[in-house]
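Chain lettering (A, B, C, D and E) follows the sequence in which the chains are written, and residue indices restart at 1 in each chain.
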């Protein structure tokens, strides 16, 4: 039995779960729904594991499975096919694995929901997993696009899950529309691919015999730059890069497990997947890579700065996600594709964990999200505290936690490419360490600053919620060891080696400034030490803050208000759009176009009224007009020929 | 005489008739002006009849005869028209005690 | 020939009928019988079996076109008598005389369609006109009727003067010195000024008869002022006969020099279309609106004169039938109404569903909506005009005017179906079932012509 | 100058003056009388052109019958100069101007005609009653008969219009 | 065999025509509805059967089941000829499918003078069918108008307050266009080569395709035809009738108008405009595309701030059709194929959208977007359907519109990158306005106005279910539609590039 024949089941099972939960949401009990939802993902996970083991077999080559022709006429073909290779396998594991954990967690977290809401929630969540799987399994960009938009849709549905509150709906809509900007770029890139190469399937595009490597021999051709930039537009929107990041913090309006799954672990990393998937294309367009690196770095630092002053536990994590995604793009931009994927993985672990733990906190605090209203939770929420702490260490880049290794790989690649990237990257990493420990400190240490009622209510979450935390915490600790730097041995970077077939063509093309092992060790230790110092500083600084937060003046105020980016967007895009729309509706359409149309009608009416006056009822004037007409016609006939 | 004088004479009469029809309001006079127009046509036809006689052969005889008979028919029609026209004018006079063409002005616009 | 003789004879019979017939409705039956007999005689003549034959010294000439038109005119008259005969009785005392005059008009119509000399052309037009002056004023107590009659008479006589001057000039300019229309020598090159002037004057007078701008001024007033039942006859059969005379004279005599005077027709056509349609938009009275619409239809028929080719002949025949039938039908309904204004039609579709429905079909036909005769007629006219290959803008102007036409026709349709009935007397209109049946037959005719125009046109090539 | 020319010009002048008299007389009766003068002048022209039959008919039918009818009607209505209201002077001017323009246009158009210098030839028997009568009852019998229809309709019409209608109807 | 005695196009024409006329004479309202529904089902059955006889390439005898021609006016070379090709099959099927659904939505409604209503509805179906099957210019024109007249009466008689004015505007607009087209048809006709012995010229479509027109003639004839179709579609700036009519008219008519009638314009452009005036098309295509794109944006903008639900749908429809019009004029395989698929997809999407709007307005009596809200709690199934329909409208993958818009955008991209760059922005805008509508109408707190809203009943569930199933199935497996229309696209392109 070849697992490849069953691969279709991996996405179809969640889809089945979605349909059953969705259609039967009023009939099924919460328990059934929860079990069904988790079970389908679990089976998918098992299949993914099987697939993964298939891919690590020696002699494995990329597998393309054709199901049917989605669109076919003349020489235009969009097959519905799946492609399985190492990259897919890694992503499959992340999606189904973390997805499963979060499903399990959700059964506890969403317990308060009504039967209907619970079913709907799991249905959407399953649909999301389906879309995400479709995205990574796709064998061509069109099918990937289906998953791509599918996850946007699920994100939309889940952010606006509590649809009675228009704030949630607005956030959902914002997320969807911003993603659509990226989708537009994605689509254009697909068209460009079809126009230039006649296909959008990976296999014909990226093989070495007759793919684009042979079609585009020089770097930086218009085609390569255009397509890669457009794809990056898609990736930037999905992965919340400057300037399209603002939807992600707002997306925290959804239930916390959703934030963990969609807005931390999986969907937002689809952009990285896209770029990694198209790495050959990007390698052919170094110009685009530079832009990616710059934008990634800028995002990383910018978001980290904003995160410094956020008071909402989820907002901090959200900006942190944006920042981490920036790192991933930095990695991609400097050509360290596998490092980026590695960071995707570790980030999935620790950020998923952070969100789930935050969820646990919020759960315990009965929905309170302001960290200044918390404090001292470590006593009541033991497991949550420990797991949260581990995750903080991981994200702050404290060795030997997973984040350290993945971030380090990116940073060293950045150093190789351009030391300035490295310096800025490290600065960002230190900011990360600072705000994470500020968060940790404010939340868990010190005195409780909330109401009595909340204090009374404080409790550790049920096991269905804590177990996923524990599992993720373990992964966050050990996850880094599959990608140890070369310093620790010839084949220490297991993940890198595993993924190398995917990036082999790029490796050939990229001009790599390798750095010596010594330099690398020095760099590693510098970052590690700095991170630890910052962590300790931040943790202590915020042990006992005032309840109402810090001063909101000056720079701090600006940062707290996220540099007013949303307001600027509103002023620059949304409001003018609305004004133009009203102008079209009330002026152009009514006054101009309809004015002309009605004007013609009025003109006819007016001329009718005027012409009627010729009919004066007097024979004399009739005769006179007749004679005048005669004279005119005579003159025309005789003198104007 | 040259034909042009007859042509111009009858055109002059014709146009005088038209001017009369345009300027007068008494319907009987307007009608008389129209009769004047018809008469100018008659005159012209006779003149043309004589003009076509220039060939002085059987064909030109026929040609000339046709015009003279045409004039005869015009007179017939004119007579019929006059009887009807005057009847209408009298009818109107009976109803309104006026022969002004602008007196009845209900049909307009 | 038969039609002319029989209609004259029948006119005389009806004239004496005024003395003989005692009951008011007798003349109608006689008239219907008369029209039927004339129709049969005409059809027989069409198939080459004339009842009477008479040597006209080639002053009248009968061809397929003429006889076919005569049949159509007779069918329309028959329809007119059947639908509106009762209303002719209501005009006044002299029922039989009215019919007599109508028969004389018919005689003129037939002469106008078959003349072969300018003399008979002139006589035909006059025989058509003079009884109409009377009929227009036949409702003697009605001042509007008086006014209409006076206007019609004075302007008609004026146009007669123009026509005669034109004929005289053509006679003078024609070296052949003949009134035979086949015998007019136009020479080569430019028309001689005399002929050209004469031609223009004849165009003017004929434009007057068919109410083409700028000689249309009489039409709205006269059609409005005359008794509705007479307007119906004048607008349809008489006007169409004017067009037949027009196309006959101009295609036979002056067709060879078409290009020399075509631009004149273009101007007249354009002016007629615009004035007729635009002025109709504002009218509140359906009767007066139809008067203006008849001007606009004259504009469309002028397109055939403009084209003056084989298709134009077909088009005139078809237009004659389509336009006459629809107008006669609509007038038959209009006369039943108490209120001639558009609001008088409010809710007719509810109070009198059949009248509403048939009126709608007639209006649609007049507006030229496909599947009605009005469309095929317009279609042929436009095709004829396009066949000339020049002045396409005129055709486009024509269709734009057709759209304007829709505006006023649909006002009535809107009143019929979409407005609530007012407290008018429409409920009290009593119509016999025979009348309803006839209306339905008329509607059937219109739709038949709309789907199969060939049944009319094919006879031209029989 | 030949005598015919003198007569021609005299008759022409007479006709024109009388025609202007027709349209300018205030009193309708004068107009009628002026018109009769025009008819006589025109008849004179006919005689000049040897169209004796038509000259006679013109006098009998027009001047004799038609104009008498006119005169009769005018007298019957007892119209006089004051009966006609003053027409708008602008309308009058417009009428005169457009009529004159028409005449100028006519003359301008027709003066280019090639026939205009043709000498007309009097002195034949064409205009005599014998010739015309033969043609009328031979070739022109159809129009002749048809004109009877015209007269009949005019007669019927005059009767219909002229007869008193006992029923008064106001609607329409 | 069916085809031996009656061909499919004839059946598709005569069934609605005859049943429509019969319906006019029925009395009882429920009887009328049942009869009309069964009649439309009958048409649907015929249409479905006809879909099994499309494969002319492999079964040449199928041609005779689908094409027929009778002499009509021999002297002017017009025959009553009707025929079906791929595009015809697709659109007749769409028409046949829509009508039963439309009639089914009316079952719970009361209509004044129901026989007239349903009779006219069926007559309009006959007219629309005729447009899609006509293979003779004159027949085409006849049906073009025949489709319009019943709708004129439908929309004027039943609807909101200003319906008469609105419908009249619509009528005058379209009538102007179609009369101009008539002039064009006649002009082309007079230049057609001789086909039969009876007449010099011919109205048959093949004669029209074979007509050699000078470039100068093509240039102005193009516009005569264009205006007729542009008004129907409507292409900016000929659109102002549409929101007005959609707002004022009754729902079944609006459904017919927006689901099917607008396709007549698209169909006309593909069948009658592009192949006849290829050179003019290549002269003016940039202009038309720019107009269409302006319309696309213009409508998207206005839809975003629209407060009236019915007008909102109208504007969204104008936006979609702007894209379709632009795609027609890029004239390449991908775009035309996309338009073909989109014609069908837009048909069912907008139909579904109207049904939802109809349900809302009928239950709540409100059609102001701002006054509604929270319907999702009142009627979760309706919300579910609406979300899918809305997603279909914004061309989300796995819904039908994705396929067609993908192909259309691709076609535009092949034609000119920059147009595609501009056009693609519309998918962002469409998401914006659609989601705004969904949010304001369905989400949020329940407004007091929606008290009476009930969950949808069984028949409504099935109507919407069928449509939504169609949306999803065609989104995943669009092959049947593409295969059906492939040949048509090829033949059109062959004609254009001759």
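As a convention for this text, a contact is a pair of C-beta atoms (placed from the backbone, for glycine too) under 8 Å apart; a residue touches a chain by one contact, two chains touch by 3 or more.
These numbers were taken from a predicted model, which means no experiment stands behind them.
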item	value
Partner chains that subunit A and subunit E have in common	C
Maximum centroid distance from subunit D, chain identifier (CA atoms)	A
Busiest interface, counted in C-beta pairs	B-D
Chain nearest the overall C-alpha centroid of the shown protein atoms	E
Distance-maximising chain from subunit C - centres being C-alpha averages	A
Distance from the mean Cα position of subunit C to that of subunit B, given in whole angstrom	26
Chain centre separation in whole Å, for subunit C relative to subunit A (CA means)	78
Distance between the centres, which are taken as Cα means, of subunit E and subunit C, whole angstrom	42
Distance between chain centroids, defined by C-alpha means - subunit A, subunit B (Å)	97
Subunit E: positions in contact with at least two other chains	172
Multi-chain contact residues (two or more partners), subunit C	119, 123, 126, 130, 133-134, 137, 140-141, 144, 150-151, 154, 158, 169, 172, 193, 196-197, 220-221, 407
Of all residues in subunit B, the ones touching two or more other chains	3, 7, 14, 17-18, 21-23, 25, 30-31, 47, 51, 64, 66, 69, 73, 77, 80-81, 84, 87-89, 91, 101-102, 105-108
Listing of all chain pairs that touch each other, if any do	A-B, A-C, A-D, A-E, B-C, B-D, C-D, C-E
Of subunit D, residues touching subunit A in the complex	87, 91, 94-95, 98-99, 101-102, 105-106, 108-109
Contacting residues of subunit D [partner subunit C, same complex]	106, 109-110, 112-115, 139-143, 146-147, 149-150, 152-154, 156-161, 163, 165-170, 172
Residue ranges of subunit B touching subunit C (in the complex, touch as defined)	3, 7, 10, 14, 17, 21, 27, 30-31, 34, 37-38, 40-41, 44-45, 47-48, 51-52, 60, 63-64, 66-67, 69-70, 73-74, 77, 80-81, 84-85, 87-89, 91-92, 95-96, 101, 104-108
In the complex, subunit B residues that touch subunit D	1-9, 11-20, 22-26, 28-29, 31-33, 35-36, 39, 42-43, 46-47, 49-51, 53-54, 56, 61-62, 64-66, 68-69, 71-73, 75-84, 86-91, 93, 98-100, 102
Residue ranges of subunit B in contact with subunit A within the complex	18, 21-23, 25, 30, 101-102, 105-109
